[in-house]
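What follows are several structures.
In what follows, subunit A forms one complex with subunit B and a second complex with subunit C.
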Partner chain A sequence: MSNFSVAFRRNDNIQILDLYGELDAHTAPELEAALQQCLREGRYQILVNGRNLDYISSAGLGVFMAYIEEIREKGGDLKIAELKPNVYNVFDLLGFPLLFDIVNTEAEALERFARQERPVPPTSPNP
Partner chain B sequence: MARHLTLPSWQQTEVLLQHRRTRWALLLPFFGAGYILTVIFHVLTWQSGKPASPWVQVLYYDGLVLLTYSALWLLLWGETRQRGTTPVRTFWNLSIAALLAQGAGLLLLQIGSPPEGTTTSGFAYETGVPLTLVTVVQMNALALLGALLAFWVLLQLRGLVLFKRTRQSERYWRLMLGSMALSALLVDWLDPSEPVLVLLLVVPVGLMLRNAFRVSWILYLTFRQKLLNLGLSILAAGALSATLAFVSDQAHAYLWHYSAALSTFISLALAFGILYQATTFLSLLFHLPTTGDFQRKVDELAALHALMQLVRQVFDAERLAETIVRLPVEAGVAQSAWLALPDLQRGSLRPQVVAQWGLIDTPVDTLLDLEALYQETVTRRQPLLLEQALADHRVRARPDHSLGTLLAVPLLARNEVLGVLFVAREVAYGFEQDDVEAITVFAAQAALALDNAQLLAERLEKERLARELAIAREVQRRLLPQQIPRLPNLNVVATSIPAQEVGGDYYDLLPLDDNYLAFIVADVAGKGTSAAFYMAELQGIFRSLSRLTPEPTQFLTHANHALADTLERTAFISAVYGVFDFKAATLTLARAGHTPPVLLRPDQPPRLLRLQGLGLGLDRSGLFLQTLEPCTLTLMPGDRLILYTDGLIESRNSYGEPYGYERLLQLLTVHADQNAEALHTLILEALQQFTGRPVYDDDLTLVIFQWQPIPALPTETNRQLADKPLLSVEPSTLQPSRPSSDT
Partner chain C sequence: MVRALYTLRIPSSTRYLEVVRRFVEQHARTAGLSETVISELKLAVDEACTNIIKHAYKGRPDQPIDVAVLLEPTRFVVRIRDQGDAFDLAHYREPDLQTLIRRRQGGGLGLRLIRKLMDQVEYRSLGRYNEVQLVKHLPSATGTDAAKPPSTNT
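And now, the complex of A and B:
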């Protein structure tokens, strides 16, 4: 029934989560559980790879919102990489690129982790 | 004697003879006539004083005897029940029958016994011809008596020999009867010497031995019944032995001269009866001491089985777990039991002891490494038996903890391991193989019950959720405007179609005074009931705040502040908010993370207004205000603003493709000259055609504003517009935050 899954990977001290399938209100608890596990194990450098994520609904986006504050308070970050265009569009509509570090490739994300970069909010909107 | 004769159509005959009346009508005259003929034969022989010629003897007399007694056998066969009575009754019947037959035989011999002193039997020594009429009567009566007894013995014992019958045991039984009859006939015809006689009797005696050892019914007797049978088997053996002695001594001459075959058959049948009593006696003797154990085992199994019924009835998961651990202890198979299940409610697969029962009263988690044992059992999918539990590295218990043997059994249902049942006994090596099997069978039942209980709980939860959702939907429906305001110059068409589940679409319109109309289209991201409540909150904010600070930037910033404090961390709201100014003919709007509105002007291709803006409730810092990008449009006659929620864009067809922006823009391009009502209908129709079904996956809200009627355009421009390839649709003049890949 569930067409969503999360796979765990490590790259040095960065926890990589590979998402597969469709993330919606029904499957969101799985991602939630995965993120909870990371936090329980004290891993706050989290990279979410969306290469195989086919769809995301607003409830799916909510999961990211739920944990970002705690992760950043603990000195970590949650970066998102390799989103498909249609998935990126959903992130983009809600303004997630302003709140999250969303990059094109995993390598870029790892680099940004290494340099401890965060997204820089634009100083002022276009008129 | 009868058996091999009736072999050819045995099945048919058997069916035919099942009917009592047919049986009697067919066999009784047959038997009666045959019997009378034999009597006449003997009377004639006596009167002539000479034996019949060998040919007459064999062809006529032996054939007659064979047929007559076959008929008698079939008569008796039909009268005795296939299944037989209880062993006690059988043995009792046998003893009585043997004693009666012997008594009757002795009485018969008394009448007209030759005067004292003469030792001759009633037959001529050389020829075997009966010497007196009394002898003729005696031999005929004794033969009938002996045959009746022999047949009766065999038919009585049949029920016991064929207890829990199989095809094979039936075959051996028939073979024995057949070989007994055949040997008897051969003995008659060949009149063999002793060594040949022994040879002839080897087969039937062998088969008699084989059948005499079929005494499995003994296992099912109680101790008292066994004792009773022990006594009765001695009695029956004694009675039969006495009868056998009688027929082979005093009555032997009468029977032998009547028919050597019948005489042999009677002796064989009685011998079988004695043999069977002997094996019964010995078996009973050997089984007496183990009766207690056997009975206990049976009781245990019966207890487990009886309690399994209970397991099936319990549908309260907690009580069920308790029942599952209580039963093995109460049935006496184990002394302690506990049940470990994965803690699914907390979303972990770590096993948790949900119930514990029996001797061990310390929490078992402290006595052993529950997780390691659990995981091994789950991986094996087979019972795990620790004969010396204390020696296992995963067990931390001390000898005084009553944990000698430990057995872990997986609870398998629908090919999944639901949990593990642990049972323990105080001593090491406490479980025998049959205990393990009993527990395994029990575990299978328990797993089934547990599975049922879980399914039921899921179902109840689903029903509860469904009720909640129904309430939420009702709340949602009432929050939507019940009436669309009628306004000069501005035509509004709006629908909101809730899907099966509450998604939290919301739109509202509020005329601020004669000059202004505030509107909002929003989508609450969140689950179930909470979405409806956030919607209610948003309605409150919209209805009050838009009067105070109608300007989009201010309104949305305030709304964001208000909502950021109250929304759960996983929830947020996307919205488009705007204000029409009728006097100045302007529209000011801003987008807070919502699907971009489409502006459709009479002489232009549709434009997605992809204004920058975060969803409400996402950001608590100043970022929201910093990034918000309002815009003001000067309205021209025929301008249409199409607002919608993601239900429109994300509705999928049977291939899983979403409707998408491209199709929407194309449709608007083609029907650019249609007014708001027509567009509204067209879009909904197109969507339904696309998805191929009348229901929507998600809430769907569609609000279309139209500023004044569409001015008539030159038809050429219209055609040009329609022919324009889609890719040339210009992006919004207002800079999007990032080009959308869908458009």
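And now, the complex of A and C:
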């Protein structure tokens, strides 16, 4: 039994993934499958909404890490919005806000897609 | 010295990570730890068990992982034992996030998280089994420095 799920939503040309439950090494393959489906369908503007994500471990973060390069090479981006404080804290501990576009609201993420904004990774990382 | 000891044995499959998190959460909450510390302990124990499943047992799903919560006067300790390959800390280099992304690798961040989340992390290989201890210092009864070593009890 899995306590994690992904729901697909569209807003114009943005593919929104709503995450529910707990993302760990057991459930991370479900997120991976969802991202692979987006890429297969040629959807590279991906917004992950974490409003209902209760937990994440490094296995979950690893899925984002494994796909962000390919997504950006295709001219897209993966933005992350509405993380709960305890979940955001895990992203923050590992330095993800330097490399990923993590914003407070879905509306903000959509605006940043519209303006084609995304973070510029530092040339020398400062952990 | 140990005021209470609670144990749990799980098979080395990721499907039991949730069970381990609930186990640690329950005892941490009973011990009166803050929600922040409870979250940190759950994540650290998840990362440690995930590493054991992936590296010590190389994905074999039916090997034992023994988790114990030790309530000590000044520390909350989660002790995790496995009977797989020993972890070679001396040769472990922490990966750089940007390098992992360039290589499209997803793993390698668990140990870094554990170190950031815990006050103390100890690894030992004890013949048949390996042991890791995840330690959180408890706020002292006098409300003074929680980071004091246990020997300075008043």
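Throughout what follows, the second predicted complex is superposed on the first by the 119 of 127 C-alpha atoms of A that agree within 3 Å, B and C clash if a C-alpha of one lies under 4 Å from a C-alpha of the other, contacts with A are read in each partner's own complex, and residues count from 1 in each chain.
By definition in this document, a residue touches a chain if its C-beta (ideal position, glycine included) is under 8 Å from a C-beta of that chain, and two chains touch if they have at least 3 such contacts.
A quick note: this is a predicted structure, and the numbers were derived from the prediction, not measured.
Colleague: Do subunit B and subunit C fit side by side on subunit A after the overlay, or clash?
Modeller: They clash: once the shared chain is superposed, the two partners overlap in space.
Colleague: Would you check which partner chain A:3 touches, where first means subunit B only, second means subunit C only, and both and neither mean what they say?
Modeller: Once the two structures are laid over each other on A, A:3 reaches subunit C alone.
Colleague: One more residue to check, A:95. First (subunit B), second (subunit C), both or neither?
Modeller: Once the two structures are laid over each other on A, A:95 reaches both partners.
Colleague: Quick one: is A:86 in contact with subunit B, with subunit C, with both, or with neither? Answer first, second, both or neither.
Modeller: In the superposition, A:86 touches subunit B and subunit C alike.
Colleague: Check the residue A:59 against both partner chains and state whether it touches subunit B (first), subunit C (second), both, or neither.
Modeller: both
Colleague: On the A-aligned overlay, A:11 touches which partner chain: subunit B = first, subunit C = second, or both, or neither?
Modeller: neither
Colleague: Look at A:104 in the shared chain and tell me whether it touches subunit B only, subunit C only, both, or neither; answer first, second, both or neither.
Modeller: neither
Colleague: Would you mind listing the overlap between the subunit B footprint and the subunit C footprint on subunit A?
Modeller: In subunit A, residues 25, 28, 57-59, 61-63, 65-66, 69, 86, 89-90, 93-96, 98-99, 121, 125 are touched by subunit B and also by subunit C.
Colleague: List the residues on subunit A that touch subunit C in their complex, please.
Modeller: 3, 22, 24-26, 28, 55, 57-59, 61-63, 65-70, 86, 89-90, 93-96, 98-99, 121, 125, 127
Colleague: Can you check the complex and tell me which residues of subunit C touch subunit A?
Modeller: Touch residues, subunit C against subunit A: 13-15, 17-18, 21, 36, 39, 42-43, 46-47, 50, 53-54, 96-98, 100-102, 104-110, 112-113, 116-117.
Colleague: Once bound in the complex, which stretches of subunit B touch subunit A?
Modeller: 347, 501, 523, 525-527, 568-572, 574, 593-596, 612-615, 618-619, 623, 626-629, 646, 650, 658, 734-735, 737-738, 740-742
Colleague: In their shared complex, at which residues does subunit A touch subunit B?
Modeller: 25, 28-29, 33, 36, 57-59, 61-63, 65-66, 69, 85-86, 88-90, 92-99, 121-126
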